[in-house]
Amino acid sequence: MEDGQPFSLEDIKSHNRPEDCWIAISDKIWNVTDFLDIHPGGPQVILKYAGSDATSAYNQVHAPGMLEETLAADKFIGDLLPSNDVPSLSAILEAPGEESSRQSELPHLHTLISAPDFQDVASRTLTPKAWAFYSSAATDLVTHTANKSLIRRVMFRPRILRDVKTVSTKRKILGCSSSVPFFISPAAMARLAHPDGECALARGCGNEGIVQCISSNASYPLPAIVKAGMKGQSYFLQLYVNSDRAKTAELLQKAAMLGVKGIFVTVDAPVPGKREADERVAAENVASAISGAVASNDKKGGGMGRLMAQYVDKSLIWEDIEWIKTVSGLPVVLKGVQSAADAIMAVKYGAAGVMLSNHGGRSLDGAQPTILVLLELHRTCPEIFDQLEIYIDGGFERGSDILKAIALGATAVGVGRPYLYSLTYGQEGVEHLTQILKDELETSMRLCGITDIDEAHPGLVNTQGVDHLVAREPEHPYIRWKPKAKI
Amino acid sequence: MEDGQPFSLEDIKSHNRPEDCWIAISDKIWNVTDFLDIHPGGPQVILKYAGSDATSAYNQVHAPGMLEETLAADKFIGDLLPSNDVPSLSAILEAPGEESSRQSELPHLHTLISAPDFQDVASRTLTPKAWAFYSSAATDLVTHTANKSLIRRVMFRPRILRDVKTVSTKRKILGCSSSVPFFISPAAMARLAHPDGECALARGCGNEGIVQCISSNASYPLPAIVKAGMKGQSYFLQLYVNSDRAKTAELLQKAAMLGVKGIFVTVDAPVPGKREADERVAAENVASAISGAVASNDKKGGGMGRLMAQYVDKSLIWEDIEWIKTVSGLPVVLKGVQSAADAIMAVKYGAAGVMLSNHGGRSLDGAQPTILVLLELHRTCPEIFDQLEIYIDGGFERGSDILKAIALGATAVGVGRPYLYSLTYGQEGVEHLTQILKDELETSMRLCGITDIDEAHPGLVNTQGVDHLVAREPEHPYIRWKPKAKI
Amino acid sequence: MEDGQPFSLEDIKSHNRPEDCWIAISDKIWNVTDFLDIHPGGPQVILKYAGSDATSAYNQVHAPGMLEETLAADKFIGDLLPSNDVPSLSAILEAPGEESSRQSELPHLHTLISAPDFQDVASRTLTPKAWAFYSSAATDLVTHTANKSLIRRVMFRPRILRDVKTVSTKRKILGCSSSVPFFISPAAMARLAHPDGECALARGCGNEGIVQCISSNASYPLPAIVKAGMKGQSYFLQLYVNSDRAKTAELLQKAAMLGVKGIFVTVDAPVPGKREADERVAAENVASAISGAVASNDKKGGGMGRLMAQYVDKSLIWEDIEWIKTVSGLPVVLKGVQSAADAIMAVKYGAAGVMLSNHGGRSLDGAQPTILVLLELHRTCPEIFDQLEIYIDGGFERGSDILKAIALGATAVGVGRPYLYSLTYGQEGVEHLTQILKDELETSMRLCGITDIDEAHPGLVNTQGVDHLVAREPEHPYIRWKPKAKI
Amino acid sequence: MEDGQPFSLEDIKSHNRPEDCWIAISDKIWNVTDFLDIHPGGPQVILKYAGSDATSAYNQVHAPGMLEETLAADKFIGDLLPSNDVPSLSAILEAPGEESSRQSELPHLHTLISAPDFQDVASRTLTPKAWAFYSSAATDLVTHTANKSLIRRVMFRPRILRDVKTVSTKRKILGCSSSVPFFISPAAMARLAHPDGECALARGCGNEGIVQCISSNASYPLPAIVKAGMKGQSYFLQLYVNSDRAKTAELLQKAAMLGVKGIFVTVDAPVPGKREADERVAAENVASAISGAVASNDKKGGGMGRLMAQYVDKSLIWEDIEWIKTVSGLPVVLKGVQSAADAIMAVKYGAAGVMLSNHGGRSLDGAQPTILVLLELHRTCPEIFDQLEIYIDGGFERGSDILKAIALGATAVGVGRPYLYSLTYGQEGVEHLTQILKDELETSMRLCGITDIDEAHPGLVNTQGVDHLVAREPEHPYIRWKPKAKI
């Protein structure tokens, strides 16, 4: 290898075992044997390409530089010989050419006039795997569906005859200035939608003056994303705490150094939910690739959601919040609070904010829609609105949806999937979507008779359509029974 | 030009810029350069035809005489040479011949036996642009759909064994005699449905003894419409207050002189709602016409609804009501009241009536259905029924729908879209629809055991199916939180 | 004519005017000029066949002997010559042969195992006109649909571990013994489904021991129907009071003489509801038959429902009940009571029973479903269950549906449309349907833990799913407004 | 016959009458004349094959050895000659080869990732008869559908930031250790899904550590099933009490000897519900087989459900519970309790548990969903949770569904149909489904923040979406009327 003699695919194909695993990526060959066990996505997804060319699969989820940054230099084996062979297994699996042909089908951006339009385009142009990963939610989609439908059951009570010539949507979010009261909710693996991935999101956010909450599982390294944005732009970092706390500490310190403004600790996914669409794609891939072999799919599935969650610490507890604050020196927001009781706990444990979220319906199917949790705060602990900031996400895809949450006391709303879908157009899509949402929000404000988002108040909405669904704390109307076990 | 030498289309095609803009309409050429900025529909829609023949597009929305009445004589350039050229861009855009072929498909009028029948015919025979403009509502159609579905959830409690041989549906509306307790809600651009537009509506109303509320954005000039009707016939004028108040004053004085009986000031649309079907048609037109060019569609869309709203004063406030009353000398009704609080304000500011309306779901999607606002008045301020007249519209398309509102205290019901759809048959359609609605109303009254519309009372309806959705003033059952900002 | 010389169709075709109208029926020619104005179905339907052969149309709705019984002997003109001409207009209109071909498509009766099965067969085998007449309901079918869906929302609370070896479904209905607590609700024109019409119903009822309530608008004369049954069998007569009271008196006295056991006065249809499916068929017939002519369809439609209601007295009032009782000497039941207030009135005016009915959703669309009226009695005037008998109909098509009403205090349930549909199989169908319903009822009783229908009680049902929809008398929860007019 | 001379089918075909009935099964000929009347499935189903070969029909529902065990030795007539004849009637009826071809269409087991996946496969691969028998429910499927949809309306209120690294789903059920808080609900005739039938269930339960509740109507004899399992494995026996109590006593004593741990007496089906899908298949078979003959289908249908219920004692009462306890010496659970009142009775009569069940919606359509009964216990008699064990079934097909019931106080949940569907893959399917449900349950527990199933409590669920449907005992909110009959 010292002499730089390039290898053919034939040369490496015997290194296809867990004890001896080489893969080729972008015409370079790497020894990933030692890396298998620490790959955040698990060893299995790499072993699928052991002894062969993994370029296409790699590029779908990882940024170009990520490999060099992660592996030690001595893991580089050598270059790959150009080949005019028949397509490799990986090439077949990934359907080469598919991406570009799909991209060419994109309708003109100006014909998209709403967030659902972006979803529609994404459903038709993303690869099946990417679409399944982004759009899927837990089991029967009950919570995913209810998130949106319950927001729709909150009605407006517009006020009239007020001067609405000028309107301001500006709001401070965790101390950061934002042109609007919404931000990009963290979502993993943005490269599945566009090669520029999270960098395109960063550039779009910079131009539109909005905040990006970056996923722990971003396709690009955190520094690359921050570098893609503009000076003074605000970022939050979403955090899955690693079972290996040292790695988390390293990440938090890096984030603080890069100027990230807050840490959104995910607390609603100690284990991943069961996203069946995602797992079905994985199951089918296994079936078609390894035909004849005994498929080793365990009952927990092999979808991307499951794979990426393997390193997450299932034992994270309230006391760890203090550690995260200390290590990062940043305000901490709990993402995934789903009850008034836990919001009260968050105050007690020093969180700067709570994000009412059920992971877009991706964690526990049947979890109550987030708008009900927001109303539960009003019913159970209204003082909490003065004690920390309240964010919310899950099913918000219209400016009017956002206004409803703000009127009910939320500081800001997270918008997740729509931004991933907008990425099919790269940075331009991100900006276009932002302008659409902002225009919808301004229109809704004017039609409600307010000119500053800070004027939004509960009297602008009629919540009677969902009030009967709001849980009552501390006493249920008639259930008094308690189990004997300690709770 | 003095010598009357006619021009060819070739001669005018260079006058196609904002600084130098000619268009041909009905074989006459006009210089509209100065007019561009004061066109109520905005300059863009004219510039589309700059330097070419705009006859077809003009005729769809404007009456023949309207141009001469609006432009100074010196803007007339000359006549257009007859041409046997290939069709112009505008001709292609408007699909010449389309209208007549569609009209010939109309089923016999006597086979239409309900308002939904007219909607069905209109959906199949109007041009896509006209259908989109009339039928569209804001974003996700939540309010548009709920308007109708909530009326349907109000049930009748018919009374029996009363002599119902004769029945009277007559009612005074804002002091005007009407054969029925409903009137035509204002709707813009009736020429899109029929060349006679608002004039056909006027003639139909005259024959049937009902009141027409004329839109500020009518295709025909106000005098032409009033002249089309019969002596003694009653009209209301719907008003969008112009940013240029002098124009509004001029319009109000003209209306008073023409004998109009009341002004319905639109208060629920300081800015237009986002009607996506309407905007999609516009977006597609741009895309197909200017292929290759960079489409300049801003995020606010270019649908007809948006265009026509450009001159509307966004800063209209309560204090302006007095000015409208004074200038016109006419009673003023606020069209678009959506809460009990604003109905109370309307009394305070001297309105003669309020029209509970959400613009047929075209303004703010998510706004509470109008039947809920009517019930909110009962719950919050029942004394208001003695203080001014209450009108209501939005989703009323059956005689029984109308009876429900009257039983709940409404003075009259506005019927909008169904009358536009009936216009596909011109005046005859307007009369046929009126007779259908009146017959349905009479049948419903008889089957409820009443013989005069003034006997209708709340005991005839069971509102339990919607009572739980009615907002509670002044206190919400459990939300006490208030934002810090001034409201 | 004295010489009995037969006529050809050619001979009579000039007698086709209101002033001179002959028709041929079953090879006999009649002068119906004087009869036109007193035809219960109105003159128009006869004039359609003026001067031609009306046999086919006549047979669809009238029994063979009905004409002779109605017309004076001197109206007989003579016999009709056998003809081998081309089919007449009437023949074309009625599509000769259609009926028989459809009948041959009937599936084996034993494959029908529920009332909905009969509906399904009827929808496929009846003529479009008959299907439209039977199945149609008022305007948007809101009440028709809700009748059934609200019964379904009443749940059972079955009791267990009781000896249910033997079970009795016997009940007294208005003093008559019945093998089951349900009876055949009156429905007009049974010949549309089967040539034996109401006679087949009578024979089936006799064999099954159930009561038939005969329609005023039966295809067969009352004596023929009663004669078709067996000795000791019980009948009720449904009554539309005629504007000509003498005719009603004559009918009532004939009924009493024939041994009819009670009079069910229809009080929910002083005018007929608007049944659009029925009217559409009529409108299409006019359009296709008189092509080119100006269709004279008024706005009130020309469906069978409208035609048959022309003679009904719209001025029937409470005081007339006494007259009906006196003239007939029979107990009177008010069919079509729709509120607790009117049930209380019925007691006051001496009715023996009330039938909670909205005419199967055929009268006033939007009227509250009958199950809500039954519950309203419990809420408002529970003492009424001891004061008269309560019957109910509208949407009952399962034995379990029937049990719910009985458990809630109804004496008996009327079953209407299902029996008309069962008539596609004639008498055998009527018996088969009765056995199905009875078996379903017995099974439901056993599974509820009761063995005698008299044991049914409210504790067996859970009405929480509809309780919130029950009207509150005398006070609405928040509506206090009252109109100024006298009510 | 003494000389063992084999018979041809021709030889036996005259023995085809009730008084003289032979059938061939697996190449052996039996005289079943005396057996006809005591066949649990009724005589009719045997007579269908009288004088012919019944092997295929027999094998579908009965285990190989069952016949020898049941009939006396002298009923054996002789062997059947091998035949190369045309297929017999029974062979045609049962479509030989159908089963194997369907089995070959089974997708790979690892691609099934949920209980609904098994249902989907079963619907496509079972014979129509088997699918109809398993999937059918009573009449309009109201209860069957509501069972599931109401569970879905119970929402989770997940708690966060608890250490959920390890999780235990273990629970004692009626004193038996189980790896999970669910067990297999009894379901008849498992051979319809797989030749190994209940034996495959037993082996799967053994490997997974769960309890099987064996149906009285199992395809295999009880000893064969118990023998198929492993040592120490727990079974319950579902019991239909036979009109012939001696047979029941014999069965109970056999069960006790075999080590069965509890008796689940079915109390919600003294007569079978009307399962129309099941009956339709039967009706069609009759129609196609006996074409031309008069079909003798009575109104009670001939579906498998009806046939198998013929021997059930309709007069079982509360006092019989003591007898069952005494004869078996085992704890008795009442399966099919549907009201709080009967749960209280169960305590009084010494039941060890109650199973809230409506027979999967197969008994009385309209019966309240079981989740409502569970909540009724909380509202009416919360002390009952300390007095006996509460089981529940009906529509539970997700781990999250199960957790909801446990949180609301159920000891365990019965899973029925999904296990029958899993049997299409035999034992392997049973284990795969168990692992799926267990994994879903563990995930749901972790996402709710609990680590031991005993920690589940009502505060984890929001029942507001169904609370309004829960019956109120002892007083209804407004119904006070009581029938005069004794109840």
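Just a few scattered comments:
Residue numbering begins at 1 within each chain, and the chains themselves are lettered A, B, C and D in the order written.
Rule of thumb we're sticking to: a contact is a pair of C-beta atoms (placed from the backbone, for glycine too) under 8 Å apart; a residue touches a chain by one contact, two chains touch by 3 or more.
In UniProt terms the chains read A, B, C, D = L-lactate dehydrogenase (cytochrome).
For clarity, every value in this text was computed on a predicted model and none was experimentally measured.
Hopping across touching chains, the smallest step count from subunit A to subunit C is 2.
Where contacts are defined as at the top, ignoring subunit C still yields one piece in which all remaining chains are linked. The greatest centre-to-centre gap from subunit A, using C-alpha centroids, is found for C.
At the interface between subunit B and subunit C, under half of the residue numbers involved are used by both copies, so each side presents largely different positions. Centroids of subunit A and subunit D (each the mean of its C-alpha atoms) stand 44 Å apart.
Spacing of subunit B relative to subunit D, judged by their CA centroids, is 62 angstrom.
Counting partner chains per residue, subunit B shows two or more touched chains at residues 468, 470. Residue ranges on subunit C touching subunit B, taken from their complex, read 139-140, 142, 267-271, 273-274, 276, 279-280, 283-284, 286-287, 295, 297, 299-301, 314-318, 320-321, 334, 336-339, 341-342, 345, 358, 363-369, 372, 468-472, 476-487. Listing the residues of subunit C that touch subunit D in their complex gives 108, 110-111, 113-114, 152, 154-165, 375, 378-379, 382, 385, 398, 400, 404, 408-409, 432, 435-436, 438-440, 443-444, 446-448, 450, 452, 454-459, 462-465, 467-468, 470.
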